[in-house]
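Two complexes, one shared chain (chain A), two partners (chain B, chain C).
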Partner chain A sequence: MYLMQQLRKLNALQHLQPTVRQLSTAGLKTSTLQYEKDPQPQFTDAETQNLLQSMTQLQLDKVFRKRTVADNSTQTQFMTTAQLEKEFLLTIEKAKTLLQMPPIVKIKEDTERIISRDPALKDFASTKYVFTDISFGLAQSQRKVVVRDVDGTLAYASLDITKRMNQLYFPLDGRKFYTPRMFSDEQLFQRCLEAHNYEYILDRLTVQYEPYELEFHNISAKVFEHLNESKQFDLLRSTRHFGPMAFFYAWHRCIDDLLYDMIRRDYLLNAVQLIALSYKLHQVPVDYQQTLQKLDALQPSPADKALEQLRSGLRNPQEKDIQDEIQTAIGKSEADFQADEISLQFIEQYIGSEHALKKVQLELAVQTLKEVNLEKLQLYQGLKKAHGVQTA
Partner chain B sequence: MLPLARGIYSNLAQITRNGRVAIHTASVLRCKAENEATAGNEEEKTEASAAPDGKDRTKVIPVETSMRYLKSEAYKTTYGNDFVWTQYRRNHKGMFAPRKTRKQCIRQGKISTGNPCPICRDEYLVLDYRNTELLQQFISPYSGQVLSYSKTGLCQKSHLRLTVAVEQARDCGLLTYDVPFREYDYDEYYGKKEEQQQ
Partner chain C sequence: MSLSPASGIGRFYKKSAKIIRFVRLGCTNRPFYHIVVMERRKNQHQPVIEQVGSYDPMPNENNERLVALNTERIRFWLGKGAHMSEPAAEVLGISGLLPVHPRTYMTAWRNRKTAAEAEASQNVAETA
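Presenting the complex of A and B:
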């Protein structure tokens, strides 16, 4: 009952100016950071997408974590090795679809498009009539929704009405007709943020709003800003929201906290990619492509890494080489040490430039990492010598 | 008998008298604390608050109290580490329980049954969307759905209130759940590839 009243109230308010309506439905204050120009061409660029996907990483445990959904049954099957190999490839493909990034596009403006004015039809009814094309198989944006107003004008429906009609005839799983109170009440939203339920908020946001809506931009910006302060970036790593988050920071020149987190967790390749992304977005004349190419040659892509992890279960434990054992014990291979050296050089160059804001913090992190790496390298070489492994 | 010991004894006797109805130990603990504080003028007090009806449910307990209760020592001694419904057993004749639980345990502000459901038997368990700790006990960790009354033994009225509270809590974002995955068709947002190239 209460809900219906709310809906009725909203409907009544729609006749007022659009600005008033937005305040009442959105409820949340607008965020300070907005995309001031269309971010889409930069975001959809193949190079950017590559960088973002690589930064997201692919941790199979996290992507395929057990979800609490109505049907989460599993299937057990006997397979030959060849079949299993095929299944591994399919798994990686599935993981990639689960990590599909929500699009970043500019906010769509609502324009009035009148088809015809028929004053003869004035007062044909006391309410508006909405006509929706519900033929099967049309995309949401292709679906025509028109409104016959009381004064006889026939016009294309506003975005708001179009969305509601789409939801009425072709409901999207998980979307509500009304704004969830989590998104309309400032206090509840803050509470969600403080509980660090970032992934949950963003998941719900993707379902509830379309990427071109004002609320989508507003809420995601707020979540990213809060995340930048609480520095819990690891919560979003290997989810579909990590890419948009990194893009947001790079666009608004506040990558330093994320960079610090990446260095601390020893994801140096990702750190280099983040810096490269920010150089690319702001057209800083630094040649990053060479470094990236070198690093790509040395280190496998996240998908390859995940595939390798899947295959490692198949390998016979007796077959294991002593060199592999040393590598797993230390967690790094020779190529990794080389890659670290190149990336550290690149990161230090960034810290030295005027683009870095938190120089002291970053320098300290780099210094500690260097010391740890040096110890690891010495241990690695020592172990190799002790086991008499020949370097190729 | 010492006044202190007598006070405790009378409380215990009262609990055994109403044992099937008032399950929580909150009042016992509170009485104990009171006794220790005012051991002197004990006698009038026990008489004044003598034997409050354990079946009376007219008193409205605020949610905040309930939330505090769930974190308290009294709750721990009553339920231990179990959920509030784990130890509950339904009474029925024959081998099989009726498919539905009883309609309600409380009629006209009083407990009208000898074996009230886990929520109704403890008046300090309040079903409300803010009381997430309690609601969490009734949600399956596997499917994320509200557990059936055949498992928890809630009466139909409490079960309805539970489902409403869970839905409200989810709406407010106080309870998290796994949101259905939405796959984007990029063409819809970026335009078709041929158009982009032109």
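Presenting the complex of A and C:
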């Protein structure tokens, strides 16, 4: 009889085993780079946020591109010019919300908080009880989850149990109850990285994990490290993950590849901002604020640039004068050339300092850019002279 | 389709006796309970006044029993003088919302006693 009972128990266990899902992310190894102190005050600082937003840029085509979502429909409407202007402003606001960065905060520690110990309750049941407060209108972070252990101890639940219960009783859209295999299986994760699906990984990461979780830090660090090696930074430009990525590189002193990419693509303002950010984070005694102010005065913010781009569709082609045409043909205005000069000076100063690691590469890029710029400037001036445009 | 009894369509008199109790749902060999407030005189499967929680008595894959309690509403109804069925009072006691029910202490003591006896008998069998 006793033997039969034991056998039945064994059978039941064997039957259970394959259905048990892996709930922890033990599959992924930890990354090498981690924030050694709380990055939140530096990240949420207004100046840093400005720099990061400006570096992200605002390319409307990319922000409002077709996504793989259920509803990708568009609406066509007749509007007056005034209505259209209003709509443009709304569009920019909407783009800004879509580009909001997920915050970088330190990892939350899981502390044990015991409410009461009751030895007289020892063995009151064979398993522990988990109680969730489902009162109406509480935020997920405010919801109390308590556990009564088999030995009679009543304590607040650990973070992972709390998260699991929140997801069970108040499911978030897109968040899975179990760890997605992509995040638990090293091989699958590597495959995602090698296919350069960085944005997809990071999007899913923000849905699945909270910013204060260890997994969030680990996985995002791995993605950024891989990105630094593959150098496909343009994939993240104008998405919400570009800011955290730039912050990560600036914090860990490995901005050179990103800087090289920015110089090569002629985003000199962004390059200056990146260097300024790294100076700010590491308290390097270089006065970057003056340069930034000068550049801000010369060049419009990304939002203004996008708005201008929208408005240019409204303008009558006959209204455009020859100066505009020259500018669009060359792609730069006089202010841009001035700004480039200031930025190049700042960048060269950085390359000369001990902070730059890949000096030769950066110097070459700067040299090439200078030559191209010179050619453009000559062309610009020549065209202006040929058309008899007066310089103001 | 008519509303399920759990959505709180039960009619009640102002001064009738209310009770916080379990309603057995689930199916054969798979119990699952709603914790509800209803008129004391009614059958458990009649419409309830309000559902204030749920209780899954079968351990899940992490070996936990899950209880959900709408503590705000439970406190409201207790304040109104609602009664409690014994199993409901036990669960509320275990949760720490109310003092632990005496029956829970009894069960714990009995479980410990049987475990000790089983161990003693096993020791005797081993030494013999």
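Quick note on the criterion: the second predicted complex is superposed on the first by the 367 of 392 C-alpha atoms of A that agree within 3 Å, B and C clash if a C-alpha of one lies under 4 Å from a C-alpha of the other, contacts with A are read in each partner's own complex, and residues count from 1 in each chain.
What we mean here is this: contacts are C-beta pairs under 8 Å (C-beta built on N, C-alpha and C of every residue); 3 or more make two chains touch, one makes a residue touch a chain.
Please read these numbers as outputs of a predicted model, since none were measured by experiment.
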item: Superposition on chain A - do chain B and chain C clash or fit; value: fit
item: A:Asp118 touches, of chain B and chain C: first, second, both or neither?; value: second
item: Partner chain(s) touched by A:Arg181 [first = chain B, second = chain C, both, neither]; value: first
item: Touched partner set for A:Leu154, first chain B, second chain C, both or neither; value: second
item: Contacts of A:Leu90 with chain B and chain C, given as first, second, both or neither; value: neither
item: First (chain B), second (chain C), both or neither touched by A:Val389; value: neither
item: Partner chain(s) touched by A:Ala335 [first = chain B, second = chain C, both, neither]; value: neither
item: Nearest Cα pair across chain B and chain C, whole Å; value: 21
item: Touch list for chain A against partner chain C, complex; value: 16, 19-21, 23, 115-116, 118, 120-136, 146-148, 152, 154, 161, 165, 168-169
item: Chain B contact footprint on chain A (complex, rising order); value: 40, 44, 67-72, 97-98, 100, 102-103, 105, 139-141, 172-174, 176, 180-182, 185, 188-189, 191-192, 197, 200-201, 203-204, 206-207, 211-212
item: Sites on chain B touched by chain A in the complex; value: 140-145, 171-174, 176-190
item: Sites on chain C touched by chain A in the complex; value: 53, 59, 61-73, 91, 94-96, 100, 104-105, 107-109, 111-112, 115
